[in-house]
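The following pair of complexes shares a single chain, chain A, combined with chain B in the former and chain C in the latter.
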Partner chain A sequence: MIDRHPWLDALAHAVLIIGVLVVAFPVYVAVIASTHGPNDFMSGLVPLLPGGEMVANYRSMLTDGLSSSGAPPLGGMLLNSLVMALAIAFGKIVISILSAYAIVYFRFPFRAVAFWMIFITLMLPVEVRIVPTFKVVADLGLLDSYAGLTIPLIASATATFLFRQFFLTVPDELMEAARIDGAGPLKFFRDILLPLSRTNIAALFVILFIYGWNQYLWPLMVTTTSSHYTIVMGIKRMSDVADALPQWNVVMTTVVLAMLPPVIVVVGMQRLFVKGLIETEK
Partner chain B sequence: MSAIEIAAVSKVYAGGVRAVSEVSLSIADGEFIVLVGPSGCGKSTLLRMIAGLETISSGTVTIGSRVVNDIDPAARNIAMVFQNYALYPHMSVYDNLAYGLRNRGVPKADIDARVAEAARMLEIEPFLERKPKQLSGGQRQRVAMGRAIVRKPDAFLFDEPLSNLDAKLRVSMRGEIRQLQRRLGVTSVYVTHDQLEAMTLADRIVVLNGGRVEQVGRPLDVYHSPASTFVASFIGSPAMNLADAEVMGGSVAIGGQVVARGVAGIVDGKLTVGLRAEDIQLATSGAGVPFVVRYVEELGALRLVHGSVEGRHLTMALSPDLPLSDEMKVAVAADRLHFFEGASGRRLARPADAQVGR
Partner chain C sequence: MQTKRTVFGNRLLPYALLLPQIAVTVVFFLWPAAQAVLQSFQREDAFGLSTTWVGLANYLDLLDDPSYLNSLKVTAIFAPAVTLLSVGLGLVFAASLDRLVRGGRAYSTLLVWPYAVAPAVAGIMWWFLFNPTVGLLPYLLAMIGYRWDHALQPTDAMILVVIAASWKQVSYNFLFFMAGLQAIPKSMIEAAAIDGAGPVKRFFTIVFPLLSPTTFFLAVINLVYAMFDTFPVIHATTGGNPAQSTNILVYKVFVDGFIGLNLGSSAAQSVVLMAIVVALTVIQFKWVERKVTY
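Coming up: the complex of A and B.
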């Protein structure tokens, strides 16, 4: 900030407050809707003040699920989503940190080619390659399994690139000092590089966990039995009923419940997350 | 503790760049060798080849009785101190010192004892639990040296360890490194671009230029009889005065002005003459060489007077007590002159060299 004027400050705050309202309003609506009974939505107006059905809504969703939409109880779907998000986040981190380590610290033939291959896949998100990927997964018999849900999503060019950039900022002398101190490649990785990447790993974990949690298209394609439904799919099935009005109160209850785990992850890891994104001192 | 033998070592990078060519050097057990030269002269590359961080293109490096060309850095039993210290940022000072020992499977009690001893020697005991980030530059430098000491290596390798410190700290750390090396008696190779560090630290200086050894010798020998114009201009501050000159029948003329007479043992002809700033005196009689003063640098204990003789730039160091004027007469003792071959810049030996060396 070069200049400080009262009205400039006011303008800045106004912009920020409008931004917060725009982002927060849908969440507010969802939370409010989850406290109403099923009949409050018949009028076509969305209620903006809390209703009195909150406890009943949450209890019924957590125990019974919504039988009319063929959805199982939320507990199972939440668990599926959790397994999927964790597997994707951990898998992506492990694979990408190892491949970045190889690309940065080892001289092997076609190193540059390997890097560019990884980099190019950045341009091919799941949606683009979804048909061939589905064919492969189906042929391997991985439909309706956790492996099928996670493995096709587990390689990450973005994370590899991020770790590569971080490794490039680690001074070479550190590696040389470790070599003289008798640390081989794996020991150097475990004792020096991994602890130094701690905040980066945390930041990436948060991003990737949310990425995994929010997966929609892929789980929709590879799961056909309700035992492997994820929560995001559950919401879709509930709001997309045939020959009936969607029960918005329970849909929103599910939405709020589905929001909680990512919120917990973000809040719990906020300090490391921010550090990982802004830290410059090595 | 071991001697290091470097035999015809060369480093050729991919693409054909010769960083070091055919360097041979015998380093005695316990000796402190300083490799000095301008940037790009190959001094760091040579050090890194001794350390094993660079492969050796040709020639052999022997530490103790082992040829180490194909031996891993860790197995060479050397310790290195880096310019940016290269401390492990996430480890405490204690762990930084202990890391190399743990990797070697040294028993815990032994590690404790060695770290404690090194910490006491370097006066870093109060910081053992801190992280490198919480230390000042000088303290980090000590930790980096501690990491070298605890290993009890055959040789210390220093890669410009003082360049990141401020001037005052550099002087005091220089003294400490020297004392420490004397006390431990470990063979040391030290790389620097600072000729003052080289002069003050070394048992022997190795002056490198363009990947080749220009001169090897004790600091004062190098100072008093530089082997080439390159060494003459690199070692010593201010740099040695160098000027094209002509010798005719024992008298030396710069641009037609005779500056000295009675020079023996030099063949007549054109050459380069060298003269230390402190070897120029004010003429006592009226028969001196005219010297035009351009500007003066006051250093307190002495005064550097920059000027010219017959258009050639010369610097002389005078006592501050002597009066200054725009035009002065100076005198040069013939036995203080250095002669270098005009084309190659190599030193021309004279019978008097035997005494000049003192």
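Coming up: the complex of A and C.
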């Protein structure tokens, strides 16, 4: 820093420490709650120190689920979430990079129309047009399937824009040299453009994985039997037990399991995550 | 629109490359959106047997509908509250971190991870913390004589959903402010320091004005987030209640369309929301391109 203000530095540390604690506090309470047996919540206050039921809670939820509220074992739900998140991330990247390639490296009639059509999807969040979209998926017979969970969500304007911006910065000479050497468009794409896009793809993958994993309303709509439940929507079913207080310890066990994978991805790939986040929104 | 200086000459290949994206867009985006627009001009009888063309009646009904006006009012409180809280805290954390020479990375990691938590999960965690029977915060509030009950008190419910919705968004705003702060040339700050401006004065006369493009961008993004992406927070916690006090517009579209089966009205509400998103997106692009001036 330019000038020394020890009290200001102390204040900055204090603000950040309080911030970190406030941010972590709900998660701390959730983790603690997931280590207790159901009777520890009868006293009228949530326990703040770890209990001894952690292994039992996680094991029973992962393998048996919660029969009283018709919740299937969490193992299957985690798997469904993983399939959904990976399919959405891969799907979005593949269809976006192909369409960005077409828009930047070719000139053809209706190019602008295609560009604007993709752009419009950016403006229509699924929540806003949920009823007609649900109807389309139902008419196509895609309810209760992985296809129904993922395909309606894989059109992505943001990913297309990111790749378009990136392709525009790739030097023209690369493509000209490739053409002189006799490479066709597919060879150029595979051998030159794709390797150059590696970092962008990875950064985007982190963001899209989180996006896919955290989907809530859409899986809630299109899954009617428990075989395709995802974990984020499953929490709702569990905390909604009719005429009974939620079993907090197992609800919080589910909460912890639902947020662990995306949090690990963000913390483990922080650099890629920050790059992906800041670049997709520009 | 930009392309390369030289392009490939194939005629059919570009269409083949675009096909998957366009197909998904048409089937799952444009077609449903068109359906919503069409339905908003129609009314279905109670048994779903016949539909009649009613013109603008669905829209006009909205203007007379007290529950819709209430929902507008709720959104007008909720969305700016979430935006102010999460953008404000993001700026405070980023500005604090910017002062520090060491420890930056650790703090930053510890502040960033909530972005990964699903809104629904964030909602459930805060709902648990604020639960009137077992939650910690009502227990503490009772000590100072406040009886917290978000199942009965509209204000309590609103505070709950605002906090739950803002919590995970702070990390996002923090990251963008960090990027914005790093882009400010150090020489400007140094020049101001030499001229005798203290850290507080420097922040308000130099740093904050230079951050105005970032702030504006985040304000729009957070408004969009609060209006549309917070659906899971409401659905997983208050369900729009008590007494419709947290029934934001996007939640009402869902309730009227799926539970009330009032398709015409729900479609009209969808169209209004789409218009709002389009307006916000256009504003964002226009202003971000031009950069806010200072």
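The definition used in the following text is that the second predicted complex is superposed on the first by the 253 of 282 C-alpha atoms of A that agree within 3 Å, B and C clash if a C-alpha of one lies under 4 Å from a C-alpha of the other, contacts with A are read in each partner's own complex, and residues count from 1 in each chain.
The rule is short, and it goes like this: contacts are C-beta pairs under 8 Å (C-beta built on N, C-alpha and C of every residue); 3 or more make two chains touch, one makes a residue touch a chain.
Since this is a predicted model, take the numbers as computed values, not measurements.
Once chain A is used to superpose the two complexes, chain B occupies space next to chain C without a clash. In the superposition on chain A, contact of A:179 is made with both chain B and chain C. Chain A is touched at more residues by one of its partners, and among chain B and chain C that partner is C. The vertex angle at chain A, taken between the C-alpha centres of chain B and chain C once both structures are aligned on chain A, is 90 degrees to the nearest 10. Of the two partner chains, chain B is the only one touched by A:191; chain C is not.
Annotation: superposed on chain A, chain B and chain C show a minimal Cα-Cα gap of 6 Å. Across the two superposed structures, the residue set of chain A contacted by chain B and also by chain C is 176, 179, 281. Residues of chain B that touch chain A in their complex: 51-53, 72-74, 78-80, 82-84, 86-90, 99-100, 103-104, 133, 147.
Interface residues of chain C, counted against chain A in their complex, comprise 1-8, 10-11, 13-15, 17-18, 20-22, 24-33, 35-36, 39, 89, 92-93, 96-97, 99-101, 103, 107, 109-122, 124-129, 131, 133-136, 139, 167, 170-172, 175-176, 179, 189-190, 193, 198-199, 217, 221, 228-229, 231-232, 235-236, 250, 253-254, 257-258, 263, 266-267, 270, 273-274, 277-278, 281.
Those residues of chain A lying in contact with chain C across their complex are 1-3, 5, 8-9, 11-13, 15-16, 19-20, 23-27, 29-30, 33, 41, 44-46, 48, 94-96, 98-99, 101-108, 111-112, 114-115, 117-118, 120-125, 127-137, 151-152, 154-155, 160, 168, 172, 175-176, 179, 184-186, 188, 210, 213-214, 216-217, 220-221, 232-233, 235-236, 239, 245, 248, 251-252, 255, 258-259, 262-263, 265-267, 270, 273-274, 277-278, 281.
By the touch criterion given at the top, residues 171, 173-174, 176-183, 187, 191-192, 195-196, 198, 281-282 of chain A touch chain B in their complex.
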